[in-house]
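Next up, some structures in structure tokens.
You will see two complexes here that share subunit A, one where it goes with subunit B and one where it goes with subunit C.
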Partner chain A sequence: MPYHEFECSKCIPERKRHAVIKGPGEDLTHALPLGYLNTIPGSISERGCAYCGAKHVIGTPMKDVIHLSHGPTGCTYDTWQTKRYISDNDNFQLKYTFASDVKEKHIVFGAEKVLKQNIIEAFKAFPVIKRMTIYQTCATALIGDDVDAIADEVMEEMPEVDIFVCNSPGFAGPSQSGGHHKINIAWIKKKVGTVEPKITSDYVINYVGEYNIQGDQEVMLDYFKRMGVQVLSTFTGNGSYDELRAMHRAHLNVLECARSAEYICNELKVKYGIPRLDIEGFGFEPLSSSLRKIGLFFGIEERAQAIIDEETARWKPELDWYKERLKGKKVCLWPGGSKLWHWAHVIHEEMGVEVVSVYTKFGHQGDMEKGIARCEEGALAVDDPNELEGLEAMMTLKPDVIFTGKRPGEVAKKIRVPYLNAHAYHNGPYKGYEGWVRFARDIYNAIYSPIHQLAHLDISKDEIPVDKGFQTAKMISDVKLSGEIVTSKTLRQYTGKYDSVSDLRKKTYPEFKKSERSE
Partner chain B sequence: MENLKERIAQLEDHIMKKCLWQFHSRAWDRKDQNENILKKATQLLCDEPVELETPLDRCYWADALSLTDSFQSRYEWLAAMSKEDIKLLMQGLKERIDFVTITGSLNAELTDPRY
Partner chain C sequence: MSCEIKQKERIGTINPIFTCQPAGAQYVSIGVKDCIGIVHGGQGCVMFVRLLISQHLKESFEIASSSLHEDGAVFGALNRVEEAVDVLLMRYPHVKVIPIITTCSTEVIGDDVDGVVIKLNEGLLKEKYAGREVHLIPIHTPSFVGSMVSGYDVAVRDFVRYFAKKEKTSDKINLITGWVNPGDVTALKHLLSEMQIEANVLFEIESFDSPLMPDGNSVSYGNTTIDDLTATGSALGTIALNKYEGGKAAEFLEKEFDIPAIIGPTPIGIRNTDTFLQNLKKMTGKQIPQSLVRERGIALDALTDLTHLFFADKKVAIYGNPDLVIGLAEFCLDLEMKPVLLLLGDDNLTYPTDPQIIALKEKVDYEMEIITNADFWELENRIKNKGLELDLILGHSKGRFIAIDNNIPMVRVGFPTYDRAGLYRHPVVGYAGAIWLAEEMANTLFTDMEHKHNKEWILNVW
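So, the complex of A and B:
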């Protein structure tokens, strides 16, 4: 597996060991890109900071909490509207963002006093909310503010509130991944075991590494509830602060994004003996296999199978409609971390697309192992790419679409490559059987958008055809399909609703009697 | 022998593309996972009793059963193999998975003493 040197990065020779091409007959022991290292000076990375990883990725999806950044207001910028981890309490954590508004004078004279004022003010402004997380930032960490001491003082004065302090300033790691680690470890050390939950089922799980992007968690919760499984907590999307303090009472930790949350699962296994089961909510086969495994663990596999059969029958014909039209399309799979491996194989198998490149902004070598193992030969794998490398890869590989974040995504558009938002989604949720069809529909719409076809024309030099009318996506996608496929009575386009999540919140579930032995 | 090698390669490819249990973050966890899941998978394939005493056992077993179900539905040649040959096959598979994920792995984080 040869390392790959980008033309644009020849002046940064250290970059060479961060990219490989998966060669025929080679395995992971031949070459593996370096990962989770400080970004090389001179390389303009797409990464976030450790504060961002702790707060914006993991902390803030908790829904019933005032999330306060101890630092300048600028550090909170990523909160409003740019994250899509929704919640079923009217999105409190998305609608309101808090900062202690540290300014230059506080750097000189200290910011502990202003922090305390802000904590009390925030609790008074939202008297229903009794829980708070506070995030250290670079400036306040450098001046040595003792945030724990201030939080303790407030909790003494206001015994009805509980505060969690996360000491993960921006510089505390090579990327956002350093923050994921810090908040995982801090949460289990400071908060797990401080609340005793009410157990209502014989089958109790923590759902870990799930952030409810556009409703992913709620889709998966629907399956778990239909199986009679009690989800004690979700770490952290749509999750509740006090439920997460009770993680120690689960029978099983079900883990999705190992990149951001395997630490807490590993610690829960060591400290409380709770097993860790890695699952996947994306793709029909991986999801079915995951539900089946949870069912097997608890001895209720027939309940899982009933869901798998019902959902597959409902949605598979729609997935296959898109698969017929996406076959052979080239994809650059360039997400942040875990989707690199969650999607690398299953989009090839279930949607027919060819993954020509995988990259990760903040993944570790373990993520690259999974991603490279799952993608097909010939794929280019890159760790922590810079913008020029991304451009060079797109020019060389000529993908039909890329799946990435909104910043590199906008860069792709400029060279006429459509992109899908792999982090926050375009029209998610993408988890679950229906969600997977929604993803396929978004890919289809990205590739075959009539507007995108027009983008290929450069009005400064290309001749603009005047003899052709407007073409719909279907007219473009169906040109090369057989008549049998085009007129199929079985296959059909997505027939779900625009909003596939709200109805789940009103749904009622069958009651499964809890046995006396687990009372 | 070539036949055995080819079959091991097919099973390895399946595990690497479809499973996640072999990629825990540290060498000792990977060793435990490979050891327990592949041991239970071998017992299942050979119709031997499988220990299910602890929650950890049940978790390994759920992964093992899922794996053997896939093996049996995808690789028809498995049904024609004797128990002894299956044991040999699974032993070779275990050695290969250990090599790719632990002893031959280039992942520098595997030996980090903390999570």
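So, the complex of A and C:
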């Protein structure tokens, strides 16, 4: 049996079927852990709730929207300023969050009146913003407030505004994933098809499952624009509410995070016949083949190829500089959902690291299937890991670096494993060719940090080296490299700027003429 | 020219200053040794609070969830609490204390957490964990009542109420710190030790400024023990430094065990630290030693360099936990500054009758506003649309964009302060806190003067 039983979880035997080791010669029929089941109470897992899956992950990256949570202030406060989804409208959605501030009397007598007043107040405070999303929370779901009815009432009284209601209370499902599903379905049911867009290209896509973490979306949009592809909407990073209402007019849905947003793509296929193309913005080869596929779909392969050639020539020597120095380093790839499979193979192939473990907080079995298929033999795969299991895994696997969230990163730090933020990134964006080099650079800087090296010294027991006043990462990383690589004239370290995104916002693009027939 | 106290006029919240009650109870729970709390509610109520606290302290620690789902929301979820207690006890053999912290969802569905504790005590704990010391403490913190501040207050009281026992009266006092940082606890313990006073400190969170050690210590935890909590019932007296964060516990001990209580003021600034020492002296009969006279002198020396030259008449807005805001406002006044706007982020109806607030109302000789049930829009709207001019903002990180977007210098203080390095290490209380606060404010103003070329040359000869 490939199932892996953690020492710390022997007393909760149902956990055994949530972890597997990918054994030699085994395929997925042997090695698929259970997924997307309710967490065992008291096990201290890392999962969030369906409210945060809807509001925090998918809803809030929409940039020109008042995001109002109907409930006590805690849900709003806690999910505010804890992510890095930026936008090109001065980060309105990062800066402002709204709560209807439900109190005890409203729990008893209903909070619909209070909600209505809230909506009006919020629009009054921000007269420029005419769009709003209202998120139900546990408290207001349980008292049975009819949020949709209130939203309709306001829209009738204020015809210039539009309101989207997302009913996804925290208890709705085993994890945040339940919220992803709910908001996907609610958006297509209630909002798609209510705005007609202006079509300016022969090639029109929706970019779906992309949240503009540190500017990812803007990097990818740059490629699409260079190809002459019109991006009708992005679901949802840096996305605009009204553009997303017009999703039905795209020719193709280009899907990035299939975990959180495949639902809407599938619905768009059923309802409007728009095909779905899964792409990957991470890694040179996956990204190149993604651009090629989009090119192929529209018959503009040469435009894609031109970008691939240019970007690869510019950035590959930098990626390879890091690859030489990261070869064989052990990685625990412990993200939330889709990065498990987006990254598993490509960090191995393009950066040379060994993925010794993958885990997912809220992924489903399908994510595990893809992740396990792509990671190395012998890797430990864990579904819905908990605190003690994570610790046990790190103690046994002794990774050189771990990609996970902020708080688990603190645990890793204490046992002297450097961490990179898999959700919000360290110094991203990580998508795109340059972004992928930035990721490699961050991994390199983490592993070869001179301070990290010092953490392994016990001055009470070890021989203290007294011959060095300092060390650089390169002094550490290059010790075992061949002279040829060290002195290579072609390989070089990252040469980009600290902020690689702001300049993209000023860029102009060539005009590709739209053909008459598609008018 | 006067000070006005008013409630926010809008009903909703645009950018909340506080999170909800369970967060306060969770912050209390991590201060207790051998304790892991179970939050009875959705998983987000724990996951995000752990993230928030770990962002602030740059540490990890453990809090569990009962993982409420639809079925529980419909049929009741007490079985999830029973299972959570069992799983926690099985996997964490050191755990002795388990507060069961309720949330809005489990309060609305009416789960009888007190009842399930009795059931577990009679059943599971007797049968499966016979001989093991386990304390289950129900803590009711519905999110739609009060705020993280009252949640903290309630939780401290509930811990004390559960453990406190009257035994032989000791020489120790109870020191209830309120919602502070590890650096504050260090500073407070230093003052006690200089006065040769022993105390049950609620809560010993110094260890959350924890080292990275060669043997790899993975999580941080508080060090207030069951014995400390039990001993609160036999103490000489209680000093609760923050009336809104620990005051309830002090009142409980006074009422239940006749332990004299002194509640507040928070020892922020010279004057309130003096008062704290005077209270310690009164309670214990111990003298204030020369060493503290000297420490106070060092602080006064530092402040004198700054007050009339740089601080005088500087207009300040302050937001955050009420005891902190009031303490900072009083300190600012002593420094010749003008706190013009105080924002208290919940609807506690007792604020207008708070003696410190009344004193401000009666004695401030310029225009000052104190807003209760406030949100950040009360601050931002005044700056953007009502012509409020400020020289400095004091408050926690969630208000950072107001300072950034309006080019107003800001000193991060309170909870959380995740956008500045290491602030949890520095005290705001005691003489050491007075120095840190004043110098942090001064250096922030100096940087701003240089950044804006606003008489930056004045610093040439200072």
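The definition used in the following text is that the second predicted complex is superposed on the first by the 504 of 519 C-alpha atoms of A that agree within 3 Å, B and C clash if a C-alpha of one lies under 4 Å from a C-alpha of the other, contacts with A are read in each partner's own complex, and residues count from 1 in each chain.
The working rule: contacts are C-beta pairs under 8 Å (C-beta built on N, C-alpha and C of every residue); 3 or more make two chains touch, one makes a residue touch a chain.
Bear in mind that the values here come from a model prediction, so they are computed numbers and not experimental data.
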Which of subunit B and subunit C A:465 touches, first, second, both or neither: neither
First, second, both or neither for A:9, with subunit B first and subunit C second: second
Partner chain(s) touched by A:101 [first = subunit B, second = subunit C, both, neither]: second
First (subunit B), second (subunit C), both or neither touched by A:276: first
Subunit B or subunit C, by number of subunit A residues touched: C
Contacts of A:373 with subunit B and subunit C, given as first, second, both or neither: first
First, second, both or neither for A:483, with subunit B first and subunit C second: neither
Partner chain in contact with A:297 - subunit B first, subunit C second, else both or neither: first
Intersection of subunit A interface sets (partners subunit B, subunit C): none
Touching residues (chain side subunit A, partner subunit C) in the complex: 8-9, 11-12, 38-52, 68, 71-82, 95-104, 106-107, 114, 117-118, 121-122, 125, 137-139, 141-143, 169-176, 387-388, 391, 405-408, 410-411, 413-416, 455-458, 460-461
Touching residues on subunit B, where the partner in the complex is subunit A: 16-18, 20-21, 23-26, 29, 55-56, 58-59, 61-63, 65-66, 70, 99-101, 104-109, 115
Residue ranges of subunit C in contact with subunit A within the complex: 10-16, 18-23, 36, 38, 41-45, 47-52, 54-55, 58-60, 62-70, 72-73, 80-81, 83-88, 90-91, 103-105, 108-109, 142-145, 147-148, 210, 212-214, 216-219, 347, 377, 381, 397-398, 401, 405
Contact set on subunit A toward subunit B in their complex: 27-29, 31-32, 36, 185, 251-252, 258, 262-263, 266-267, 273-278, 280, 285-286, 289, 292-294, 296-297, 341, 345, 364-366, 369-370, 373-374
